[in-house]
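So, here's a batch of structures to check.
In the two assemblies presented below, subunit A is common to both, partnered first by subunit B and then by subunit C.
Right after this comes the complex of A and B.
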C-alpha cells in the first residue's frame, strides 16, 4: 500500500479488487459492464472479472436492484449450464421431453455435452456488482475467421460453422437462450481433454505461451458473455437467438455469409425434432425482424 | 502446512493443513464447542471436499463477506465452513462440513496469524498425518456418496467442480 500501484485501473474497481495488488487488464467495455483479465484463487489461474459499475444517473435503489438482478441472472445461467448432465434429477426446470434430448447430439453424448463449453463461475458479489469466471483461452471466433488461412480447404470453415450450430443447439436444449449470439461472444479454445493432468499441463504451457493457435479454426467453441441470457424453451426465443446470430454473422463476415446454412444444418441435427420447429419459426422471424409486432 | 495468499486478498493469508487419519476429532470438536480461543480455526471434514479450488473459493467468499460486513455466522472461520454449503442452513452446514466426532480426515484453515506458531500448534493438537493439499489427496480422502448427496450431483470428478463452486458462490442470492 506504500507504493502507488503500477497501473491504475481506468475505473475504480469494487472491493476487494480496489485494494488488490494483482493486475487488471481491461479487455472490453460495454454500456453495462467492464471486463478485466486478472487472476483468481491462485496467481497462476487467469480469470475474467466482469464489473457492472454504478450508474450514478439512476436512483440508487433502482440501480442496486437492476445490478443485482443482472449479475445473478448471468451467474445462474452459467451455473445451471455447468451442472448439465451431472446434477441429480435434472436440476430445476425440466427441459422439454428428455426423449427429444436423445434425438439430438447423438454424436457426442448430447445431454451434458455443453458443460465445459461455458465459463465456470468462480465468485460473485451481487451487492457490489461483480462476477468472476474462468478465463477462456484462445481467440474469438470472429478473430479466428478474420485470421483464417484462406489457402486452407473450405471444409475447415464449414467444420467451424457446424460446431457453432451444434453448440447453440445444445444451449437451447439445455433451456437457455443466449440473447446476444455473435462471433465475438464465442471463443475458439484450443482443444484439450478437460479435467485431466494433461489439462493442467496444457494450461501451464499456455501460460508460458508455448501453445499458440493462429490461422487454424480448430478447437472447442466456448460461448461467453451470458449478460443477456435467459432461461427459455420457447421456439420464438430460440428462433430470435438464431436470427440475431445470422444477422450478426452476415455483417461481421460478409464473405462467409453464404455458408451460414452450415450453422443452421448442424443446429437442426443437434436439436433433433424441436430444432425443425425452431428453424421453421426462424423463417417467420426473418420476414418480420427480431421484434414481434404487438400491433394488430 | 501450506500458506496460501489469495489474489486480491493479500492481507488475509491462509494457513492450511490437511490431516489424514486423525485420531482425536472429538477433542477438536470439543474445543470449538467450548469456544476455546486457542482453536480459532475452520476445521473441515476432508471427506466431503472436492478440490483445492473449492476450499479456496469458500475462503475467498468468507473473507469477502467479512470485509463487506455481512457474515452470517460468528466469525470468518465458521463462515468458511458455512461457505462450502450449497444452502443457507448454518447448523446443517456445520454438521456436514465441519469436524464431527467421527471425522477421520481434517482440513484446518486459519486466516491470518503467524505461520510458525500456527503450524506448531496444529501439529501439536491434531493427531494425524500431514498430507499435501492437492486434488489427488482430496480425491483419495473423499466420501463419494456423501459428496453426491450434499451437492445433489451425480458425479464427483473434476467435471463437478464448476457446478459446486458456482452453487457455493450463488448461495444466499
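Right after this comes the complex of A and C.
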C-alpha cells in the first residue's frame, strides 16, 4: 500500500510518540494505516511505525473491534513467522488475544519459517492502534515492476515471479494466509542477510542455475502488511489468498498478467503435495468469481 | 445530433431512456465542464452542481416489478412484466422526448449481465424496434452503462468506481482501455444480502427492500456483532446473511414466546428489528467503504464514484464521503434516477460506442447472463 501521501493536515501521533524526540517521516498513507519511518530505542535501529487512525466513518464499536483484531493479528503472525523471541515449545501464546479462539495456538508449526522474509515486531499497543516493526529497505514489488527495464530479459521478471510464488508457498506452509496479497504488500529488498531463510532460498536458486542478471528486480521478497492475516491451513483460504493476488496482479500489471502462471508454478513447487490441492481449489474459486450471478 | 434510445431490463426494473449528445464533441464521453449550456427543459429536472451538462436527457422512464413482502422477484414473472410494459414505456418516452423517428440513430439494449428471461424479453423488444424503424442495434454491458452514466452526470473524471446493486458488488478502476475489477463480492452481492434479509423480516419490497431497511436503520441504536469478511479488496456476504437471518429468527421467537424480549448484553436494551437493520447496514457498508479505500490507495486515486441501486443509500454515501475527505479526495454519487437501473444509462453508453463505430448486427443481438465488466473494450477513453 505504498502511495505517496496526498496533502494532508498533520496528524497527531498516538502516545507515546506524540512526545518522543525521534523524527517521524510519513512514508505512505495506506488504506487503513499511516506508515512512518523512525527509529526505535536507539537511533541506530531504523523502524517502521504503523498507526491505524480511527476511522470516523465506521461505527466506533466496530472500529475499535477491527483495529484491535488487526493489530493483534498482524503482530501475532509476524512474531510467529519471524520466530523472534519465541522459544520452541509455545512461547507464542504470550501475545494471544484471549477473545480469539482457534488461532492455531499450541501448534508450533511454522514458527520462524519466514525469518528474514517478514519484518520483526518491536512494539505494539492494540488499544491505541499502533505497531512498530523493523524497517525494510528497498522498494515495493509494484514499483519494481513498474520501473523495470523493459529491454531486459523476461527471465528477470520470471525470476521475480518465481520468488513471489515461493515466499507465498512458505507462508502457507507455515500455517498463515496473508489476506491481502498485492504487489504493494511485498518489498524488494536489495541485499540479503546470510543465515536467513531468504539467503537459503537465494542460494538454492543459484544452485538451480537461476541466477539473475541485471534488471532491478533482484533481491529478497519481504512480505509486509499482515493486518488481514489469519492462521489457517485450509485449502479454501489458501486458494482465496492466491486468487486475491492473481486478481490484484492482473489489475495492477496488465502487461505482465500473462506471466502470472510463473508465480503459481513456483508456489506449487515450494508447497509440494498440498500445493497441488490448493491450485486445484484455485480453479474452483476462479470459476466462482466468474460465474457468480451478476444480476441487477 | 446523435440521439439514442436505450432499453434496460436486466432485473426487475424496465427502463426506457432517450439521450442526445450535442455535436462537436470528441469521442471521449462528454464532460460536463467543456460544453456550452443548453436550454433544454429536461435539465431543470436534474439536480447536480454542474451548470452546463452536455448530454441531454430527453426522457428517462422506469417501471418496477415488485413482488409481495417475503418473496423475491422470479424471472418468468419479471419477464412478463417487462413484456407487458415495454410498448407503453417506449411510446411514452418518444412522446416526452419530442423526437421524430428519423432523429434516432441507434437502439441500445442491455446485453447483460442480468437475469436471462427479463433480458430476453427486452432484447426481443429492441430487435423489433430495430427492424420496424430500420435503425442499428447496440448491445450494452449493464455495468459499463452504470459507470459511464455516473461519470457523465457527476463529472467525475477518473474515479475508482464502487458498483453496488442487487446482483453486483465490484470495485472498478479504469486502466488501459478496460474497466478493471479490483475487488468484488466472492459470493452474493450486497444488494442480494439486503433483499434476502428483508424477506426474513417481511420488510416490504416497495419501493425497494434496501430503501425500507435504510429507513428502519435510522431508528436503530444497538450494534450487534456480525462477521466482517474482507479479503484483500474482495468481500463476502453470505456468512453475514446467515448470521443476521439467524438473529432475525431469534428476534421473532423472542417476541412470540413467553421468554421475554431479547436484550443487549451490554446496555440491557431490548433488541429491535431496527437494531438488526442498523447492525447490518453499518457492517456491510463499512466493508464496502474499506475495500473502496483500499482500491483508492492501491491505484492512487482520490475520486470515488458510487453507482448501482445500493449506491442510493444515504448512509453509504455519507460514510464514503467521510472516507474520501480523510484522504483529501471527494465522492461522487447520483440520485435514484441514475443509480437505480434505468434506460438512459444504456442509451448513453450505447451512443458513445455507436459514435466509435460500434454496431451489433441483428444476428448477433443476443443477451447473456454473464458479461464481465472487464470484457468490454473501452476505446473511447485514453
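In the analysis below, the second predicted complex is superposed on the first by the 215 of 296 C-alpha atoms of A that agree within 3 Å, B and C clash if a C-alpha of one lies under 4 Å from a C-alpha of the other, contacts with A are read in each partner's own complex, and residues count from 1 in each chain.
Here, contacts are C-beta pairs under 8 Å (C-beta built on N, C-alpha and C of every residue); 3 or more make two chains touch, one makes a residue touch a chain.
These numbers were taken from a predicted model, which means no experiment stands behind them.
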Which of subunit B and subunit C A:179 touches, first, second, both or neither: second
Partner chain in contact with A:122 - subunit B first, subunit C second, else both or neither: first
First, second, both or neither for A:140, with subunit B first and subunit C second: neither
Touched partner set for A:72, first subunit B, second subunit C, both or neither: first
Partner chain in contact with A:259 - subunit B first, subunit C second, else both or neither: neither
First, second, both or neither for A:231, with subunit B first and subunit C second: neither
Set of subunit A residues, in rising order, touched by both subunit B and subunit C: none
Subunit A - residues contacting subunit C, complex: 1, 3-4, 6-8, 29-32, 55-59, 61-62, 65-66, 179-182, 184, 228, 240-241, 244-245, 247-248, 250-252, 254, 285, 288-296
For the subunit A and subunit B complex, residues of the former touching the latter: 15-17, 19-22, 38-43, 72, 75-76, 78-79, 82-83, 86-89, 91, 115-116, 120-128, 134, 194-196
Footprint of subunit A on subunit C - complex, ascending: 10-11, 112-115, 165-168, 173, 175-176, 178, 180-189, 191-192, 223, 225, 228, 230-234, 282-283, 286, 289-290, 293-294, 296-300, 302, 308-309, 318-320, 322-323, 326-329, 341, 369-372
List of subunit B residues in touch with subunit A within their complex: 4-10, 53, 56-57, 60-61, 63-64, 67-68, 70, 148, 152-155, 157-163, 165-167, 169-170, 173
